[in-house]
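Take a look at the structure set out below.
Letters are used for the chains, namely A, B, C and D, taken in the order the chains are written, and counting of residues starts over at 1 for each.
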Amino acid sequence: MIEKITQKIVFKIIKERFINEVPFLKLLGIKVSKFDYPDVEMVLDWNNDLVGNIVQESLHGGVTATILDSVGGLVAVGNFISREKNLTADYLKKRIGRMGTIDMRVDYLLPGRGTKFTTTGRVIRAGKRVTVCRMEMHNDKNDCIALGTGSYLWSDGKYYTPK
Amino acid sequence: MIEKITQKIVFKIIKERFINEVPFLKLLGIKVSKFDYPDVEMVLDWNNDLVGNIVQESLHGGVTATILDSVGGLVAVGNFISREKNLTADYLKKRIGRMGTIDMRVDYLLPGRGTKFTTTGRVIRAGKRVTVCRMEMHNDKNDCIALGTGSYLWSDGKYYTPK
Amino acid sequence: MIEKITQKIVFKIIKERFINEVPFLKLLGIKVSKFDYPDVEMVLDWNNDLVGNIVQESLHGGVTATILDSVGGLVAVGNFISREKNLTADYLKKRIGRMGTIDMRVDYLLPGRGTKFTTTGRVIRAGKRVTVCRMEMHNDKNDCIALGTGSYLWSDGKYYTPK
Amino acid sequence: MIEKITQKIVFKIIKERFINEVPFLKLLGIKVSKFDYPDVEMVLDWNNDLVGNIVQESLHGGVTATILDSVGGLVAVGNFISREKNLTADYLKKRIGRMGTIDMRVDYLLPGRGTKFTTTGRVIRAGKRVTVCRMEMHNDKNDCIALGTGSYLWSDGKYYTPK
């Protein structure tokens, strides 16, 4: 009983503080509309500043990549919280703060046009170390604009890149 | 001789007008520092608005994806111009305006930290229809932050996505 | 009426001749179990020669990649046939013979273990030039072993790779 | 001094036993021609059984994926051995036996034609948990046939895939 309440609060805190305070998401106007597990959804309203192709008047592919990556990471976090017993604030902050994207593939299916974009995701592989997610972005006409697959690492903070 | 001058002007026009007028690149502060073929380079100065991970104080993965995708597309355009004879303004605008990313993979190697980020790219497959490019982003310490591979389509504008 | 019969025959011929005569699929024991549009399915029985990890006694990732890529290509062909009016044998052979994979991502979700593996796919973007497909492989317990996303090019045969 | 000898022997044992006993690599005729760190190379002679496209008479994309994935995994193992002090036979077998590909992207640049194919790789990110590698395959004319990027997990063996 206590645990369920704790999880609920954790989802609430992460949604409100952690996510809504991410500067780049604020810059783009991306908002978390649903955050529970397994339901995660982010939304973005059209904004002329987000245009990448001025001939087609469509979103920059980087906007699409931003929301797909964010949803993938948030789904991975939701899955982690739903499985984890040890939900102290410090532990969560440390674990989530070190979580990072290893790699992501984006498939651009249609030009990013519409008044509102909704992105959802789901876990396809959940591990202690690596979580893999699939994400999809639709516009307000329910056209699928893009699909993504991302691999997320629960790092212990020690790694190096060879020169 | 005329052709070479024409190409030079084309590169200059695209660099000045087309690229520097892309709203999303302006929002992020991404600039084209080199645009010729095969030399393409884009730069980005650190800006607190671009943070994605507030614990690590690093760039959002979407910022990285944005600059990688932009450089990949620009390298593909540079390669196209360098091969094409028919360089009328209308033809170019039509062709380049319809060029789009099919898919992209990003590998995130290190947290995006630094004062300045420089991204370059090269063509690995050049076709009439599809150009594939590899891109890399380094910070001011020359650490490789991320690598990308993108496939770009020279579309004729007719396609559909199955429901 | 005539067209439908023609399409039916085309699917039958491709299934019997083209696909079942591919040497590498024969070597591995991969068979086309369904080929119509949109239903495409390939199956593979367990075989000790296909082991990649001798500790885990699981399929080599290359076996998985082989069947995923084959199904993706076949789904793309099925989609092409279903849309195309001009179904002469020569035209088909030329078009399909030049179709090739541009790129593919494979996500390995579980070790490839089981007595029989079934792979299906679907088109996520269908264009005149590029078809993008998603594929999935399950074992006989219906565990999802791997997912794939592949981009396929309907080439005109002229391209080069820069040195 | 002792450690260096031990590492040398470890590389030799892995090359001889572990790798050359992998059934699927034997079936295809893929051999380890170099295995040290950072030098890893695998070779494959042309063989009619490996054909995927009978019109183009080129390798099946799955053959290419097989050798790219194998080289990527072997480079990851080489990197692991070169960094690890604790080189008992049991520990190595356990660690390497559990190492697996999380995901891989293959870019097919040219039809797989030639008499001999040579594949090499390098680590682009080395972590305690995840190693990311890039691989490339050339034919006997030194044409680059394909490039790959793979992420490899040093698993502790506990993971699940959500239904």
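Here is the rule we go by: a contact is a pair of C-beta atoms (placed from the backbone, for glycine too) under 8 Å apart; a residue touches a chain by one contact, two chains touch by 3 or more.
The model shown is predicted, which means the values in this text are computed figures rather than measured ones.
Colleague: Report which of A-D and C-D is connected by more C-beta pairs in contact.
Modeller: Pair with more contacting C-beta pairs, A-D versus C-D: C-D.
Colleague: Quick one: chain A and chain D, Cα centre-to-centre, how many Å?
Modeller: For chain A versus chain D, the centre distance works out to 32 Å.
Colleague: Mind checking the centre-to-centre distance between chain C and chain D? Centres are C-alpha means, answer in whole Å.
Modeller: Once rounded, the distance between the two centres reads 24 Å.
Colleague: Counting only residues that touch at least 2 other chains, which ones in chain C make the list?
Modeller: If we look for residues of chain C contacting two or more partner chains, we find 102-103, 105, 107, 109, 124-125, 132, 144, 149, 151, 161.
Colleague: Based on which chains are in contact, what kind of graph results: line, ring, star, complete or other?
Modeller: complete
Colleague: Within their complex, state which residues of chain B touch chain C.
Modeller: 38, 79, 102-103, 105, 122-130, 132, 149, 151, 153, 155-156, 158-162
Colleague: Okay, in this complex, where on chain D does chain B touch?
Modeller: Its residues touching chain B are 105, 107, 109, 124-125, 132, 134, 144, 147, 149, 151.
Colleague: Considering only the defined contacts, which chain D positions touch chain C in the complex?
Modeller: Touch residues, chain D against chain C: 18, 21-28, 48-56, 59-63, 65-67, 69-70, 93, 96-98, 100-111, 143-144, 161.
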